[in-house]
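A, B and C are the chain letters, set down in written order, and residue numbers restart from 1 in every chain.
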Amino acid sequence: MSILLPKPMKYKFFTPGVIVITIFALVGIAFVLGRFVFGIGAITNLDNQYPWGIWIGLDVALGVALAAGGFTTAALAHIFHKEEYETIVRPALLTALLGYTFAAASVSIDIGRWYYIWHALIYWNGNSALFEVGICVMMYLTVLYIEFLPIVTERFIGHVNLPGILSKLNNVIDKGLRILDRTLSKFMFVFIITGVVLSCLHQSSLGTLMIIAGDKMHPLWQTPILPLLYLVSAIGVGFPMVMFESVISSRAFRLKPETHILEKLSEMMPPLLGVFIIIRSVDILIREAYVYLAEFSSVSIMFSIELIVGFVLPLRLFMSKEVRKSPNMLFIASSLVIFGVFMNRFNTFITAYTPPYADYSYFPSIGEISVTLGFVALEVLLYRAFVMIFPVISVPTEEKSAKTKYAIRGILR
Amino acid sequence: MKNQSRRDFLKITTISATALVGASATKLFASGNPTSSIDPMGVLVDTTVCIGCRKCEWACKKAHNIDTKPIEDYDNRSAFENYRRPDHTSLTVVNEFRNPTAESKPYDVKVQCMHCNEPACVSACIVGAMTKQENGSVIWDTDKCIGCRFCMVACPFQIPTFEYHKALQPDITKCDFCFERTKEALLPACVEICPVEAVTYGKRSELLKLAKKRINLYPERYKEHILGEHEVGGTSWMYLAGMDFDKLKFPKLSTKAAPGVSEAIQHGIFSYFVPPASLFALLGGIMWLNKNKSKSEPDTE
Amino acid sequence: MKIISMIIIILSTGLFAQEKPHFVTQELQCSTCHTCEVPTKNNPCVRECIREYLVSVKHSAKEAPENILINRFEKIENIYQPVHFTHQLHAEMSHLAGGCQTCHHYNPPGRILTCIECHETGRKREDISKPDLKAAYHRQCIDCHRGWSHEINCVSCHAMNEGKPSNIDTKPMPKTVHPEIKTPERMVINTEYANGKIVTFNHKEHVDLFGLECQSCHSQESCIKCHDKNPDKLKSKMVHETHENCASCHDTDNNCSSCHAQKEKPGFDHGQRTGWQLNKLHSKLSCSSCHQKKGVFTGLKSKCSNCHDSWSSENFDHAITGLRLDEIHLENECADCHIDDNFTKPSCGNCHDDIEYPDFMPGTLTK
């Protein structure tokens, strides 16, 4: 009887693909350094009319949305206690961890006074949606790191092996890790629930952000239910993100795709996407914003691509049994949902935002795009490094010594 | 979870929930702007009186220690060739518009912060660096600001600007209604220098009366619209004009206060932390039920 | 003690309240300045002195102060020096623009008020309903000056104050007088009206014959009318705009041919136009002396009794016609000689068979 157990991947780190990604990461880092030396104006196309660009609209808003898999799988596996999903919890958790870390990093490079970012912790303004996003993201990031700790302890308990003089500490550290592990397992459920609550709060508040822009937002996106749409779309993109990654890492590490779990996950997609499409359409109908669709403009095109290619098309795909059984098709469908949410975030933050005194449109500079791509590249590299160091991805094992643990463990097949 | 007794679980859930509720500082989510007085000071800008001498730009820079050319240079009217917006080099600018009825008397329109009664920037600012003062001024606190530029996204008049060229300590810049001067019972610099008093400083209520009187007396001179009387919930600075305001490049705005919807959502989600705490309790409950269910079922291991 | 002081206070306020009304010697309605029926000291209910309650009085430019140095705001730290204002010159120039009230817009009978009597000197003030003095001055000056020179440069009136203590030349400016404005005799205007391209405007006639004042047509015309340094190319005016000046007397809507013709029109000739030649006495009269109904110039019969209905042989001094009647003829009734109301040529036939006027005179010629 083989069971699925998370193991560090044994694989060569650098492959030709990884080297290309590393180059992207380095270019991104170079531009980040440029931003710190020469200021935001030198690197970006931002100005007084367009104060926010893709670093907020994509790196933060989209990044946080795509990291939603972390809380949706945690809720599924632990709160609703569907143990069969345990194997996807750890990869999703790692994605969320990296996603939020880089969202925070993007915020840090986007704000003018990055060295004052801690001000958000001491000067509170409860009226501000951004304050809510900021404080929730900071708290959730902490929660994510705590949730990840058991993976670290699991990796090192019984394997602490410091060289030289430090070897005397081996025993102490090992003991400490064991105590930490036990304590964590006792309180982990608090963090899991907190994580879900925090996610619901800030995923929606990300939508609240642009509401205050009022008439500067195009009516197709400016709606008081923007927070609800953001929450629903974040929940909706969580599982596609997990499927997307699962398929990619199974390719990368030559593993058999976990078709069984992916199929079960994809069964949940039609209702999730359906709910979003219905809310979005009803909202457009009630506010009579559909009049803007009658005209042929970049705005109406962007809206149509967002809704049809990004939500309706994958909905149709996920409804088909053949698609749900094929990892390749699931990959395509998931990519479409990710693209849909990408478009949605891009449109709300960039396309819809029309400042009153700009006779030009904002388009991200090479620097901005490089930094965004660089951060994605770094996430990919770190993900690869983490799964090679820590037991994140589950592989079939004959081992029987599965640790009994609350948060993360394999199950019997 | 297996090692978790039911009692422990309940206890911790309850404690956490109470702790969250307890943490809700009532002050934090107090609605509105308690600091703004009922009748703040304001300025009435009469664009039909303004002659576009741009002395206000000069005086403003002097008052705010911004580099400026000598005052004689401001007589050069080539500055009107392009439409300009305030930025860190000039917190107020004057633009000129053709007067279709009298070629020799163009309309000159001074632009600066409107000092909204319910400012979007104050509502938006993540660290509360923007504040509405009792005398009507909306001012910015350099010691708090983190440079996130959400105020710029929020402002319905697109007024706050940012020093993009600075790598260190970039400022958000905007008209501060000469807060430092008015504190010492001085007039705002632009009001003081204006040769024709196109900008009248006074209590907002009295300015409104004055504006209405002018419209009544000279209906052929003014449009029957005081910009800022109702726009975005009213502003401290108000405008009179002889042309529709959108032709003078003012944005068309509703009378709803700019932060209204956003704050309503914020306060709704966070009303004393009850909704998040309830969600927390609900999820805890679901978790507990599912836990017990799986416990009562034959163990899979 | 308290009671006594109370009584004093009440009495004194009462006395004040019944103070003799001021302005009573001037021809002014109480309601021009006061909003309530019975103004008292405590509640004077005075209207603010603003343009809407304008009361005008005319003064000649000669009476005005010649030059004024506006140094009310003089301070060492001022950027600009005070302005020498050639008041009398401006007063003369205002002749076509409505006179003193062009600037002195609140202008009650009697003395003309100076700006400072209504406009406060400080910008920071309680009553913001009127502009302060600095603004009032600037608005008055710039309003005309920018129309005329298209400039609002401070230095066109002010000298720069180079940071020195003001060493302003306080000598009066040399007296400058606006040259006499020459009035055109007649103007021939080419119009686009097909049925009558030419309008002949007899300016002199309108002034001399019809007795129009300059202001009757040239009201509210600022210096720009003549002095625009950079006049916009002849703007195509709307029809009603060009007719505006004439329309107050002429029916421009219906009676086109009274002004528009295919060729130049001669001046107005009462005899030619009406068949009733004005004699030298009548030609001195203004139109309205006979045509008393305003704007109506028809309907008068050529009978003298139309106007002179009280004249009879007893009270009419025939000498003013240039012929003093002798004693015999003084006895006659008017109609005895002026048969059929013909007052130009008398007929002697009623009494005499062989005598004809003017071979024989019924008296002596006075000139």
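Assume a contact is a pair of C-beta atoms (placed from the backbone, for glycine too) under 8 Å apart; a residue touches a chain by one contact, two chains touch by 3 or more.
Note that the coordinates shown come from a computational prediction; the quantities given were computed from them, not determined experimentally.
Would you mind checking the shortest number of contact hops between chain A and chain C?
Steps on the shortest route: 2.
Could you pull out the chain whose C-alpha mean position is farthest off from that of chain C?
The most remote chain is A.
In whole angstrom, what separates the CA-based centres of chain A and chain C?
Using C-alpha averages as centres, the distance is 84 Å.
Just the number, please: Cα centre separation of chain B and chain C in whole Å.
About 54 Å separates the centre of chain B from that of chain C.
Rounded to the nearest whole Å, what is the centre-to-centre distance of chain A and chain B, using the mean of the C-alpha atoms as each centre?
32
Provide the residue numbers of chain A that touch chain B in the complex, in ascending order.
Residue positions touching the partner: 35-42, 44, 46-49, 51-52, 75, 78-81, 83, 107, 110-114, 116-117, 119-120, 123-132, 134, 185-187, 189-190, 192-194, 196-197, 200-201, 204-205, 208-216, 224, 227, 353, 355-357, 404, 406, 411-412.
Enumerate the contact residues on chain B facing chain A in the complex.
1-4, 8-9, 12-13, 16, 25, 28-31, 83, 85, 87, 120, 122-129, 144-150, 152-154, 156-158, 161-167, 169-170, 232, 249, 251-254, 258-259, 261-263, 265-267, 269-270, 276, 279-280, 283-284, 286-287, 290-291, 293-294, 300-301
Report the residues of chain C in contact with chain B in the complex, numbered from low to high.
For this pair, the touching residues of chain C are 50-52, 79, 123-124, 128-129, 131-132, 134-135, 138-139, 142, 146-147, 150-155, 160, 224, 228, 232.
Once bound in the complex, which stretches of chain B touch chain C?
The contact residues of chain B facing chain C are 49, 51-53, 55, 71-72, 75, 103-105, 185, 187, 191-192, 194-197, 200-202, 206-207, 210, 213, 217.
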